[in-house]
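Comments concern the structure below.
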């Protein structure tokens, strides 16, 4: 196991978590995805500094790291909003009304998948399938899952949660 | 023997293919014996005639007028020839497609105007969202790529059609030639 | 690797080959033309463009000849109505994917995509053109990358990684959104890893990578160096 | 842990469990959890504690009981009473009914529903019964006995012979004979070999693997260890979706428990056999279900497939011989070794043996997870097990095989579920998603939905898939918008043929299936759209025109 | 009250797409006439994001008739972006190329397009009033036209490798030097070409009398004239400065730098045409009407600069005192210019320097902006680009020869319509004369529709409320 020469991009203590994840894998190049997971879990997204850090710690070319970070949908290079709303667009959810939920979010919040409201309050994402097809259509707000939602249910549900935040 | 009723049309293109047609030079004199030019920018017919044997179409389809004209031409033409890259691939005119017509008009009539800025609206054909090659609008019988196809290529195509054969363009012209 | 001599039939001709050779290599040695765009002698083959697919007797699927090793008694067909049709369609897909305006391209007349279209008698593209809006990166002092002309063959990525050892290039995104990048998707001119060797430019089959200052139709590529460099590397 | 120690642990655990007269099993798989199962569990525990009943009755978190649409589910054992849509407020009533020894009618789900009766559980035999977070519970149910039997009594060849005899085929979709795959890896002279469990369940509408991992993670580890022993591998990877955090957490816990118990790691059960397992997270790329892409991803690279041959058995992870099986396949293995290959081979049909787990979803009354013997008809699954189409609507089609599969109309519902019959219909077994559609679903829209998926998931490496899926999507979109003519259908077929025959990997090769199968069985819906009508009344084609 | 109008659609035998509407009042008198250019091709936008090195060949695609002028104006704009002085031989070669194109383009207009009107008469049977009719009725003249145009095209081919859209002119010069054999071959063709031009000149001068009426009413009014002249006031098509002359032949402005075109040329938009209307800024819009092209060039120059052409120029200027005002004499001017082109090409080729191997200067993009001008066959051509630091085009403005003439053409068709068109006697020949005015200007609408391309004529009679009363499509 070679110790990395790379220093983290800042003094933020949370970099220790990322370093620990890479150390656990012996700074092997194949731990790249694990390392990126740890960055995203810690900071919420991947920025150039973190990609650069991971690249130098794992001795990987920058373009290879960027290529991997953009290949996988799970990773995001943009900071997410304070809240995220994930609409499942799996098959069961699609035929049970996910398109109407997305239409509502565009109508009410002006959001298309992948976008964040201008104030950074809410991000909209889609998931291929969250595996809760029995509850279709399904939405995950932050980590809370709600199923069998009509567009109207979703509108009220989100209003409640965002209003709670405002208080 | 009755002469081949030939038409040539120029849609969204630069006329380079028509110039290449004229580049047949003195071969034009000999062609004139077998061909009757019934409609063309070179002659005074204002209406596309019925029962045209061969129509050479230069240029892409960029406006609703182009499209209507092309459909009428197709209906009245036996062998429709897409002449040149604009007709075959939409070529340079299609370079506006990634921008869309509004942005293109804004450059010409807003930014680059010192008087009465604003896109023209009257008496002019409406631009379509995309410039398209002919075959995306109507069936095409012969494709002659090239920017422009050489006079030799055009001569070959006409001679084959005069002889009642469908020309085989393999190895005679290519995109961008 | 089994390197014994093997005998196989390509298009009805008996040919001999070393056991570690691919169908494509053997065909080319014997003057049999199989089209390809991602394959380049001297770089690792990736089987991505699918132009070099051939029929092999007994195989359920068409096989990419650039990665398929010869076998004793193999019967290979490199031309058929079906293969011709598929190859033309694949070329059409490439033409329709981005903005290949041959007439005003820096590689007009020297382009492998254009050349294959001519060779395979492609007279038009019947799939609708997609017309994406793509950038030109001219930030490098010596070279230009025009994503409009890129066919994602990844020759640049491979030559940079395997021969030059810089690994400046890679691919970002996926599917129809995939794009070649330098370093962290930053302007090529700001790349920290690029050695400005120019190998990527010369292996690029189209006008996607070119030398700065070249005008339309002026970018002819030089590839003679590649087999030589590969040989030097393997003998080192 | 030796075989003796294992048997002792099992006996102790069983004895301890018997001390409690009554058990409340609360489903803690993802679906029920999201419906509030954790709160229900807590309320029940609190209620029992307050009433001082903990000596009499205990609460246990278990895996998936199958009927996800009725969650959160609670089962009272040993009576077998099943309660659905339970809320924390129901805790007093449930405890009272336990004392009274009578079922609580208000919440009862009839235990004799065809949904339960028609199932045959092998893979899911522990699901809904054992606590997935406790090794002891798995052992008490007979877990790891097969592994230790194999290590102590069988040679690798014996194991492969047994698996071959079972006729088990890959449950990931393609149906390659498992025994054959194992023996190819076993024969490799490579000194470094790997076993990979493919848990990158990416089909939208499929959650079988997730349920197995969340309900019974040790079973998968045991299957992997047996596979490793049979093939001579010493390292294993489980490649699991990051979207399944619960499954990941339970797997990681199970690995730690098994290592601590000496059931994984060095010198397992005192034998010379060592086997280490690592979890690797996927990151949202469907194509990584393809084995060469999956391996690239484990190696930390972009998950792009490469041409095969060479197959993973010859050149896999880091160029070494590698065995790749999916979750369900591996979950079958301990049972096959316990009951014998011959026993297993008696279930199912001549060419498709054993059972298959399906995720039943869509416009069907009972949605959830089921395990049925191969050969059962689609009609039985949908109309008996699934209870048919609700709300008085008409059945239109069932989609199998996800984005790689196809849509099967009513007239073929008597087709037996097996690999070959489904392929013959232009669909495929796939990993096990079954999505039922009624007459409100537009099949053209559905085809576009799948092509949007395939287009978004294409890795972009090979030309036909990268560009072809985009064109197919655009064509379908234009048809739906009423902007196409008949030539569009011909072009759909032409492109589909190209993708099928020239794409590099299975994703591209099968991406046209949803188009082709809907064109084949529902062409009239396409033709209606060309005229600006939607047969299902689902699309606003006419208005947009 | 009813307004009636006549639409000529398409205008034929011109290089482009256009339509004419003639508006009539109650009494059947012509009230107004408008030329609508009906094509728009977006070159000012579609070049955005492309490397400037691509501009010459890209911009040449504006027009297949005068691609060379665009190549040259564009390359000159790019030379400025490079910030380099190009080798002298390259300048001379570009000059030859531009003159060769002038020759072929003027031949095309005079013989192929306008020839039928001039030879067969404005009232000739429409079906025969074209090149092919001419081949039958006047085979010698037709052959002359074909040979002359061919000679121009051959020079282009010999220099640049391809007749239409060659890529030979590049930023910094030209891509290949001239081979001695090519030079000799061109020189060998000059005597025949000169003889053709001389025959045409003689014929035209002898026929002038017959077209007295046309000469009087074909855009015959006072305007300014604008174009390039050389250092000593001679005819100039490649470099030089801008001069403006009024109807009396007096110099209004001289030594204007082409790069400062925005100081003295404005561009107005009219809502019924894709062709913008440039105007001379000091006079405002629409008073700043001016004409460009062969007629303008002969009006602003002090002489041509070659022996034969100087004589013909002097004779031409005798037509009127001051500037020659009738646009009918564009035809005459073209013939004089063709003679000039042949003589000048001969001069240039006989200079040994033309064979120099040093024909290209290399440099990176050093300036953010470039403005290139050239005299195209139809008049002044202006290409103006802005690039980013890397040399990628961000913006472009193009003012095309035909555009400059837009105001004059509009006024010209009004004049001709008033003279020849009456509601009670709508004749085919009358309408042809309206078109012939436009033809005299030799508008290249392909060019003008860069932003502008194609000029097919319909004449509609419309009432004041716009209702269609009658429609005449000539030749139908």
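The first chain written gets the first letter, and so on, giving A, B, C, D and E; residue counts start at 1 in each chain.
Criterion: contacts are C-beta pairs under 8 Å (C-beta built on N, C-alpha and C of every residue); 3 or more make two chains touch, one makes a residue touch a chain.
Keep in mind it's a predicted model, so treat the numbers as computed, not measured.
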Quick one: which chains contact chain B and chain C both?
E
Chain by chain, through touching neighbours only, how many steps does the shortest route from chain B to chain E take?
1
Show which chains lie in contact with chain A and also with chain B.
C
Considering only mean CA positions as chain centres, point out the chain farthest from chain E.
D
Which chain's mean C-alpha position is the greatest distance from chain B's?
D
Could you say which chain's mean Cα position falls nearest to the mean Cα position of the entire protein shown?
C
Looking only at C-beta pairs in contact, point me to the busier pair out of C-E and A-D.
A-D
Per the centroid of Cα atoms for each chain, what is the distance between chain D and chain E, given in Å?
74
Cα centroid separation between chain B and chain D, in whole Å?
58
Distance between the centres, which are taken as Cα means, of chain E and chain A, whole angstrom:
61
Let me have the rounded angstrom distance from the C-alpha centre of chain A over to the C-alpha centre of chain C, please.
35
Please output the residue numbers of chain B that touch at least 2 other chains, ranges allowed.
91-92, 95, 99, 147
Residues of chain C that touch two or more other chains: which are they?
103-104, 108, 126, 128, 171, 173-174
Going by the contact rule already set, what residues in chain E reach two or more other chains?
58, 61, 165
Show me, using the given definition of touch, all chain pairs that touch one another.
A-C, A-D, B-C, B-E, C-D, C-E
Could you pull out which chain A residues touch chain D in their complex?
28-34, 36-37, 64, 67-68, 71-75, 89-96, 127-136, 138, 145-147
Contacting residues of chain C [partner chain A, same complex]
161, 166-174, 181-185, 192-193
Chain E partner, complex, touching residues on chain B are 10-20, 22-23, 25-26, 28-29, 32, 36-37, 40-47, 62-63, 65, 91-93, 95-96, 99, 101, 103-105, 107-109, 111-125, 127, 147-148, 151
Interfacial residue positions of chain C with respect to chain B in the complex
95, 99-105, 108-109, 114, 117-118, 121, 123-126, 128-129, 131-134
Counting only contacts in the complex, chain D reaches chain C at residues 285, 287, 302, 306-307, 309, 455-464, 466-471, 474, 491, 494-495, 498, 501-504
